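In the two complexes that follow, chain A is the common piece, with chain B as its partner first and chain C second.
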Partner chain A sequence: MTRTGGLPGRVLIGPVPGLLGIAAFLGAWEVAVRGGLVDDRYIPPASTVLVAAVDYLDDGVFWRAVGRTLGAWALGLAIAATAAVVLGILIGSSGVARRATHSTIEFLRPIPSVALIPLAVLVYGTSLQSTLLLVIYAAFWQILIQVLYGVQDVDPVASDTAVSYRFGRIARVRYLVWPSALPYVMTGLRLGAAVALILAITAELVIGGGGLGERIALAQSGGALDKLYALIVITGLLGVAVNLVMRAIERRALAWHTSVRGEVPV
Partner chain B sequence: MAADPATIAMNPTPSNPRDVLLRVDGLKKTYSAQGRDVEAVRDLTFELVRGELTCIVGPSGSGKTTLLRCISGLLEPTSGSVVLDGAPVKGPPRGMAVVFQEYGRSLFAWMTVRQNVELPLKVQKMSKSERTRLVDQSLESVGLAHSADSYPWQLSGGMQQRVAIARALAYQPQLLLMDEPFASVDAQTRADLEDLVLRVRHQFDVTVLLVTHDIDESIYLSDRVVVLSSPPSTVREELEIPLPRRRDQVTTKELPEFAHLRAHVFRLIKRESGAETPDAHDSSSLATAGEL
Partner chain C sequence: MLRGTLTMTAALAAAVLTLGACGGGGDDGPTTEGGKTQLTVGVIPIVDTAPIWLGVEKGFFEDEGIELKLTKTTGGAAAVPGVMNGEFDLAFGNIMSLMVAQDQGLPLKFVANGTTTSGQEGKDFSGVVVPKGSDIASPKDLEGKTVSVNNLKNIGDTTVRYVVEADGGDQSKIKFSEVAFPDAPAALAKGDVDAAWILEPFLSKAVAEGGTVISWNYVETSPQLDIAGYFAKNETIAKDADIIKKFRTAMDKSLEYAQANPDEVRAIVGTYTEIDEPTRAAMVLPKFTPDFDRDAAKLLGDAAVKYGTLEKAPNLDDLLP
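So, the complex of A and B:
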């Protein structure tokens, strides 16, 4: 065994490379704008944007907007997940139901949520329900598809075991189908959480009614470029945070699963 | 009921008529796939005597697993019947527990050892105190009391199969069905598990039906061996194993009777799988085969 890795290589693990990457990106942005490569009437330098972002930290209006966006995101995701899991298990447990719904699901799934904006405005105006409708529609299919795959992935031997010990339908779903499908549900939740955030901000941006999306629209119409970009950077950070939270939940829920538990010395 | 461990009684003298726990009568199973019928089991008839350990042994592909699935109620036979203690089997009966070969897939990875063993009792709504008593007792008897809070995947293969056996014992079946239970573990572990089965079947007073392709194992474990023909299977021969009741991996296998029985079953199965049968005038080929 050679030790070519050495100490310098070992520094480049953990969060260090990621942070270096961000620093390099911000540096390139700053240089590109200051050096005149990019017109600062369209993009202010990174330092200006960061100052604007920091200014938001003690702005009550901003925090209320964040709260509203995250509220719509969380509520929409929760409703979508509940509906997708219940329907997914019901449909997935029956071959007839699977075949009967397959083509309908494949037709409805690719419809982009944003295509529903006119409908949402017509029915709910600029209220929270409009945003929720789009968020739920977008997240629901992501999760449903995963649940349908997950329910199919029950091990036949485990299934025989449950049948031979006379598990009823409900016991089978609770103790076997649900845990077997959980890794898929978690993947669906993670994908759904990301599109739900995108749709929450899109809806606010286009429909209005408060939230970060509306702040972005206001900053744009007011010509406050530094604030506009600061808000964009913040929504990006929000996305990163959402992903980290979902991954942490996944690791906790799937501690027993091969994808998380890693190698076990036996 | 307790047998004197010192007795070298063959089998407990069968009271006439035999105390039959399970009766398999004219069992036939044909699989249909893409318009083609495959006959896995042609006609099987045999009985299990209460309190005995019976092994079903047969050449590979002789429908052993199909037979076990039919008996356990997991698979519906094409014709024929399975009767457990007077009641026809139409789906898994309460009086049976199955131990599968694939312990890793049969145990639930998301539950601890204790939760796995407890689950079938919980599902049938047994009281908490009764559950705890049975789980503790069965884990103790398979030597896993100290691993109750581990997850199955943290244990070795042999220990995982012990968990599956403990789960079956805690369920308090009349009949324990085992499908090639030791086929996926190493030789030393296999010997340990064989002795474990011999021990717990007396401790829990359970009748055992074990399916195996291993002739030595079938004779070592059994009171009675049912030899299957090659597929589509029928009962080739049913023989009592008149070995001392107390078995030992070394001394039992040294007995001349053990060697005779082993050779007898070996010839039956060789003949079934179409290979040359070593006869008296053909002893040279036997010697060669023995050296190989």
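So, the complex of A and C:
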């Protein structure tokens, strides 16, 4: 909350190096293609791709595809986050449960979500559930692991204090476990948000059923290279936007965190 | 240990089941409402499926009391599972894929034809291309070379093996490598493969870029070879015989209309694919005809058994309408 008080100069400097980096990347791309370093039959120059990307801005079909992808992303992430937070707190609060589930979690977690595509197609076909299954599976573990770490990070002194004040289960979770775990939850959410977007687009690309991934597959199978690369650039921008939003949420949710810690001598 | 595992499994299963309850792939069979029967058909957005899109636009399906819902599947991967789990009443698929499915015991059968080779060498939508300057001049030269196909153990490698053998070459010495059609011209130019099996619209493009077609593999296998069609579960065909018959009537009409109006085919392809106008104008179209050619299908099936793609020769009565 105190961040808004920065110097105006810093605000200007903030995004400038990043934008310069992007400009340099686009310039290198353009030169590489125009100069014949890369065959323009397979990669169109950056300028052509940017024109194609701008053309998409007033295309209703394109925006519906974006809506489908972001819808699957948001819904999948919400379900994964809810399940991971609830299960994470339940499991993390009990040493027995933690030990009992450890090997199962370590077994299930590394299974790549894309390996579930055949299962998703068999059970849900090309419907939204197919995409959701992959998104949820990928995001769930990222968040769950962080919640588990977060729950174990409760300060023992605070924990003992809660015991002396005879906190009930609910109060313990509300005033002790949740605030301690929140920074971890936020990290988990940010990681989960990124993989959720990747999986939403992958699922649409491989299975179909709509969304940006399907547009990419269509552009590829139609040989429309400028549109293909334009869509890839757009999905990249979407990733940046998702990350910015998640970081903003993180900053808001944890605004109290450092200040509170700073004032309380442990 | 066990209890924890069970809890986790139960929780996951509950999550999956909750999703399942939201609907989706479960509705079985065509549904009738207000005199119109709704049919869902899974189609790949390629030139081959132009007649069904055209048929919807021209109202051929509506005339039969069918409300057709076309769902795009990005590849063939979702077609067979989609029909098996009831998400689609019908789907578009190639004849070899269905022979393989039947070989594995899946109760599927074609209801209507989809695409057929044009039957003309030098003017078909499928060919084997070699790059400029290649010393491969005829199919038998493919012996010992690497050829790209979009899928292994399917119609591409089977027909290529067949034409190589017919030309006097040893088909067992061909190496096949999986490359998607859109990537095949690049793989060919880079020298990753010695020859590429390519379909339109990429075939015309590869030829325009200096490639040479050394085999029109579909035509050379049989000038009457049917490539793909629309299939359903045996259960649907038996239970909803009447509506399947109406679908066939409308589909046959669509195929004949598409065959008679190539310009409309080129135009409608632009509505459901990203193929640009110049490419659509230049590409060679398949033949669209209602009747399956059994002799050509038998030849393909026998070849597939010989090359190990199939365990046993397909029963054409169970496969074709």
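A few comments on the model shown:
The rule we apply is simple: the second predicted complex is superposed on the first by the 245 of 266 C-alpha atoms of A that agree within 3 Å, B and C clash if a C-alpha of one lies under 4 Å from a C-alpha of the other, contacts with A are read in each partner's own complex, and residues count from 1 in each chain.
Just so we're on the same page, a contact is a pair of C-beta atoms (placed from the backbone, for glycine too) under 8 Å apart; a residue touches a chain by one contact, two chains touch by 3 or more.
Predicted model, so just to flag it, every value in this text is computed and none were measured.
Once the complexes are laid over each other on chain A, chain B and chain C both fit without any clash.
Shared-chain residue A:Ala224: touches chain C; no touch with chain B.
Within the superposed three-chain model, A:Asp160 lies in touch with chain B and out of touch with chain C [touch as defined at top].
Chain A is touched at more residues by one of its partners, and among chain B and chain C that partner is C. Judged by the touch definition given at the top, the superposed model places A:Thr48 against neither chain B nor chain C.
Legend: residue contacts after superposition of the two complexes on their common chain; A:Pro179 is shown touching chain B, with no touch to chain C.
Look at A:Thr101: by the touch rule set out above, it reaches chain C but stays clear of chain B. The superposition of the two structures on chain A yields an angle of 150 degrees at the Cα centre of chain A, opening toward chain B and chain C, reported in steps of 10.
Across the superposed structures, the minimum distance from chain B to chain C, using CA atoms, reads 25 Å.
Overlap of the chain B and chain C interfaces on chain A comprises no residues.
Those residues of chain B whose C-beta lies close enough to touch chain A in the complex are 69, 72-74, 92, 94, 96-98, 100, 102, 105-106, 108-111, 119-120, 123-124, 151, 153-157, 171. Across the interface of their complex, chain C is touched by residues 39, 41-42, 79, 83, 87, 96-97, 99-101, 103-105, 108, 121-130, 132-133, 136, 204-209, 213-214, 217-224, 227 of chain A. Per the touch definition, chain A reaches chain B in the complex via residues 155, 157-158, 160-161, 163-168, 171, 175-176, 179, 182, 256-257, 261, 264, 266. The touching residues of chain C, when paired with chain A in their complex, are 1, 3-5, 7-9, 11, 15-16, 19-20, 22-25, 42, 45-46, 71-75, 77-78, 81-82, 84-85, 87-88, 180-182, 185-186, 189, 201-202, 205, 209, 273-276, 279.
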